[in-house]
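The following pair of complexes shares a single chain, subunit A, combined with subunit B in the former and subunit C in the latter.
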Partner chain A sequence: MAERTLSPRVIPDRLQSRGNRLLKSWESLLLVVAVLIFTINSFASPYFLDPWNLSDATFNFTEKAMIAFAMALVIIAGEIDLSVASIIALSSTAMGLAVSFGFDTPVLIAVGLGTGLVCGMINGLLITGLGLPSIVVTIGTMSLFRGLSFIILGDKAFTGYPASFAYFGQGYVWWVFSFEFVLFALFAAIYSVLLHKTNFGRAVYAIGNNQTAALFSGVRVGRVKFILFLLTGLMAGIASICLTSRLGSTRPSIALGVELEVVTMVVLGGVSILGGSGTIPGVVLAAFIMGMVTFGFGLLNVPGIVMSIFIGVLLISVIALPILWARARRRVAH
Partner chain B sequence: MLQETTTSRLKPAIALEGISKSFPGVRALSEVSLSLYPGSVTALIGENGAGKSTLVKILTGIYQPDAGVIRVDGEETHFPTAQSAAYAGVTAIHQETVLFDELSVAENIFLGHAPRNRFGLIDWKKLNGDARELLRRVGAEIDPTIRLRDLGIANKHMVAIARALSIDASVVIMDEPTAALSHKEIHELYELIDRLKADGKAILFISHKFDEIFRIADRYTVFRDGGMVGEGLIADVTQDQLVKMMVGRDVGQVFPKVDVAIGEPVLTVSGYRHPTEFEDINFELRRGEILGFYGLIGAGRSEFMQSLIGITRPSAGAVKLDGEVLVIRSPAEAIEAGIVYVPEERGRQGAIIGLPIFQNVTLPSLHRTSRSGFLKLANEFALAREYTQRLDLRAASLDQDVGTLSGGNQQKVVIAKWLATQPKVIILDEPTKGIDIGSKAAVHAFMSELAGQGLSVIMVSSEIPEITGMADRVIVMREGRIVGRFERSELSAEKLVRAAAGISEAA
Partner chain C sequence: MAKILKNREILLVVAIAALLMAITLRFPGFVAPANLARVYNDTSILIILALGQMAVILTRCIDLSMAANLALCGMVAAMINAAFPGVPIPLVILAVVVLGALLGSINGLLVWKLDIPPIVVTLGTLTIYRGTIFLLSNGAWINAHQMSDAFKALPRAPLAGLPVLSWLSVLAIAAVYLLMTRTPVGRAFFAVGGNPHAAVYTGIDVGRTRFLAYCLSGALAGLSGYLWVSRYAVAYVDIAAGFELDIIAACVIGGISIAGGIGSVPGAVLGSLFLGVIKNALPVVNISPFAQLAISGTVIIIAVAVNARAEKRKGRVILKKAEAV
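What follows is the complex of A and B.
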């Protein structure tokens, strides 16, 4: 501890050690919850602990979590992207079109990624170029992108994807580790580094905390936000490739409502819906928790609609809890 | 104009006696007295920070005085809330009057005390009728049923005044009511004030403009540094005497001004203009110089400085730094070129209170502390420590959130942030506004040190002692134009006030 009285004096870097801070964090709480659910699930069903079953369970969250990483950055920067599920649909539709023209896997990948990027670019241009609020823009593009899929597909479905395309949603890299799970782990690492270890990540926090001060401090606010929407578009494109490959078909209703699950995952992971704070490890833990709960419900034969109710309650609770907690503390202080 | 010599025999409508008010680190008012008489206009005069706003807030029940007595019609009263002041008949029309754009004119006038019918619902017929009558009384031809947003600023003012009359106020406070009005509208306001006087209202008129004061006021009260320094009848006083009272202060106040050899021109600004905010700005800034920009609030100083660093785009103008022409389109480019701006609004534009001290300090310098885009925390802590220590920051640790610091220490963090970019030119906009005296001294000392090291400083300030104490040269702006340039040797508080207020050099 430094001397507190004399000046000039040296101000210490930190008073609280990093370990100490970690122990009190939201992420540690999530870890406890994750372990609890894991334990409950393993008692609830004898099939839960089977490695292949667990591996299957990861498909419940890997695609959503990949988008959630990019979404976490967007929400930390004080914006939101509600069009991601529709981008999945449009990317999938575009890939289906490419199949119907006889293109093979490499072209499909390029089409899937390209569609995601273009959608992200449209969002980014409307939001940063015209200065429109992201919630309005992405609600609009949510309808727009989904609507385009409906027009192209009508009530048909694209099937007949080439066999080599199946790897992205159904293939395994090693033993029980699917390609999707490895991709999820890879993106978890990449986004952790991007948000927590780079100048870009620092700019994201600065914008989310105080956009005006960030601008005055030389942060290129418009450019950073544009990149963030490009990233959510790209991640939705990647998720679309995995999902389409896993399902082997494209319907216009693909991934309907996924944007809410992604936002729930981000907020459950400790990202403030008002922007400015949150971590990628928190989102990773939230992904595991949501995946295991879904899987547990499946094992217990709980109908899908209950899962939807659960997501709704979860979303409201994780947004309300910190606010109620702060209010309760203020009341105690009085 | 001079018929109001009988007021001294009248009883004041409201009287403040020995009012004191302190905020942490600042004594805003010390034992001031003020009496407002029915049918008379009293002008309250003083520099920015003299305590006028604090006094208005005490009169309207927003602040509670630490000591002193408020008497309404001779009886001692307390205003624990804004409502209690309103019930006692005190109403204020502020610079930025709080009205509601989406409501109708009549609703705005009667908000909170609308007439009701026997069912307890708003009696719209009476509401609109009463509103029309009030508007007629203030001489404004406004349809009470239209939405407020469809009115111009002058008519909004009229609505605010009608609202003041609707609660049957006996004391009307007007805080710089003419700031946003045109010549014709000002004239209409004068007529209205004459009418209010005739109705027997006691009016407190706050203004920086001497022509207005001499046109409309009967009495004056001058504040300086939180104390009352003079009062009397306008008829008995001259402009010169008022200016002297406003600025005359102890010469003993010490500023840590160091004589620095002033070098070659560093920054040259020529022909800068903006469609609405400023016009025809030309000046040179030299190495080691502290150039003061003085003016009243709204003179266009901040707007000009912000266009210099690329926040707003000027419509014309050129900037040269070290002889080379610069085009600056964003703050990022300004920082790169070596021009930094420490903004006036610390909470909104300067500090990021949710982030730790060290992250605030290094934000514009990350390209230097990091390696190929990756953060190097050790470098960040080193840089943050170096500059916060030079400014004598008081904090428990560098990863403490800036929001947990006092205002003065937050300002030190903000200044440290800009200095850490190693600029050639630093623009400080009201660098000591709202911070305690100790922090002020630290900021002033540091400013001198910087100039001594060859940095060029632009200091925008509305505080005369700070300008006269620290600046080598002063440029005075009024209504978006440069209206005066003074060398340190010819500097005086009176000259600055005259130039800023647009008073001719007569008498």
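What follows is the complex of A and C.
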């Protein structure tokens, strides 16, 4: 949708040293912000620095962050998936349906993951198979998937999940470390390796920077993109299992508006919305920042909708500030 | 014949006619002129919004904040009316149209001056505008008894057989049609979307044109805000939540290319009417209203697939020789 501007790209004569680059990177800025927010929060509320409270706070972002990892890859490849929240809803509805047929936890997991994969496959097929723009396709499937949940559920809700199913959203692996948090850490590691250490990751960057060039250098663009949408669907399915298990019920309006928070998290993490650049550690830090801000606001009794204003401002300002900063520097240089 | 099939507007007219015919088989009363007028009236707000969205999409942008803008302007209109019932209604309308245009211009400025991708800008302002309604109203509703009679009566008032609401949408269609086909700004919308680089070389300021498109969509959202609130006689934080998707769906169905530069006013109107007929027909043919979301989703996907095929076929070959090689 947005095309690059024609401003000349400046390539420095000499690469900066590794340490210098690390110091000036977006990720280190995020780290400073995260530490700052952590400090402010611990002064603002006496309840903040409690291990169990902090552990509760992680539930604010773990499910969204799991999707954000896959979404980061999609956005780096120059596409977008706005249907993730609706995939959560449809997955959750499918699991609720399985419960009403009397199935137990293992089947529920399979249903949740399977629904996510099928939804991702539909997105992938429409986008890579028919060559349609991902933003419109996923706006369409966003209505379609959630619409299907509405058709199945109407104004009712599924409850009565088996007790063993509660572990995924409410269980703890060790001390304060919840199953969700451990899963989040695991996926952070997996996606870091996938994006930064494998051929697949290089291909994702290549597609995002120049799709045609990637195609001519032998990258199977269609296949890579298809896998990315499949991954996003799968992650949405996993997030749906965690969320449904945590809430213990399914309504068709579950996870409404989550796609916005996921995209914000990815962009805040330093991933260019135009594609081609970004890192997983950045997204991890962004997840922590958003989770802690939400948690801190919650402790201070700020209503949810005011937090959403903050997220909106955050989303625009993290993109605007580097642009203004670069402009100011150029003005000083001249 | 093949030419007729390729024409999106005619295709849509045929589709709407087929839809009406299918409904008539089950419920003959649906095509009675009085009922069709009611369906049109019910679709009026969507039509007005789709016209604004069309201008934005033509310039290769997108406005996801229209429904939030509508809700904010609607709330402000209701609050003005509740606090000062004496303020004449035209003045209230003028105020919200200006407010809507201002909110739209914020989107436009961010896209123009800071080069932020439109989807990010409007995703952000979408939540900010919604949140602002909460800050203004403290989450309270403004109900029918707090609004003056004149405020509620205007869109309903009959004028030459149709309610004012319908006439306003007719007026908006005419105005936007003239703007698109008879003014330099309208041509600029198409030029910017068709090829931004070429537009620069012909002396069109791409950023400024996009800014104007956002102002137009904002102003129309502001107008719709008053219409929505006065028609349903209630204002609260969540009015028209999710309606931005219906607006985009109407545009996509109407053959407006999301890649910019392709589209027409009749297309946007017919796309809106297509959705409006479906929405009004569902209860009549006994399909749960909960199915509407899934149906619009499916229609969006089908429409974008059809659009993509049409655009591929249109590939602009200027030199016949080049094509042969």
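Details
In this text, the second predicted complex is superposed on the first by the 308 of 334 C-alpha atoms of A that agree within 3 Å, B and C clash if a C-alpha of one lies under 4 Å from a C-alpha of the other, contacts with A are read in each partner's own complex, and residues count from 1 in each chain.
Convention: a residue touches a chain if its C-beta (ideal position, glycine included) is under 8 Å from a C-beta of that chain, and two chains touch if they have at least 3 such contacts.
None of these values were measured; they are calculated from a predicted model.
More residues of subunit A are in touch with C than with the other of subunit B and subunit C.
When the two structures are aligned on the shared chain, A:32 is found in touch with neither subunit B nor subunit C.
Contacts of A:173 after superposition: neither subunit B nor subunit C is touched.
Of the two partner chains placed by the overlay, only subunit C lies in contact with A:148; subunit B stays clear of it. Comparing the two interfaces of subunit A, the one with subunit B and the one with subunit C have no residue in common. Those residues of subunit A whose C-beta lies close enough to touch subunit B in the complex are 4, 7-8, 10-15, 197-202, 205-206, 209-210, 212-220, 276-277. Residues 60-62, 110, 114-121, 123-128, 130-132, 134-135, 139, 196-197, 237, 245, 248-249, 252, 258-259, 288, 290-298, 300-301, 304-305, 308 of subunit C touch subunit A in their complex. In the complex of the two chains, the subunit A residues touching subunit C come out as 1-3, 5-6, 80, 126, 130-133, 135-137, 139-148, 150-151, 153-155, 252, 260, 263-264, 267, 273-274, 303, 305-306, 308-309, 311-313, 315-316, 319-320, 323-324. If you check the complex, the residues on subunit B that touch subunit A are 309, 311, 330-332, 334-336, 341, 343, 348-355, 358-359, 363-364, 366-367, 370, 373-375, 381, 385, 388-389, 392-400, 417, 421.
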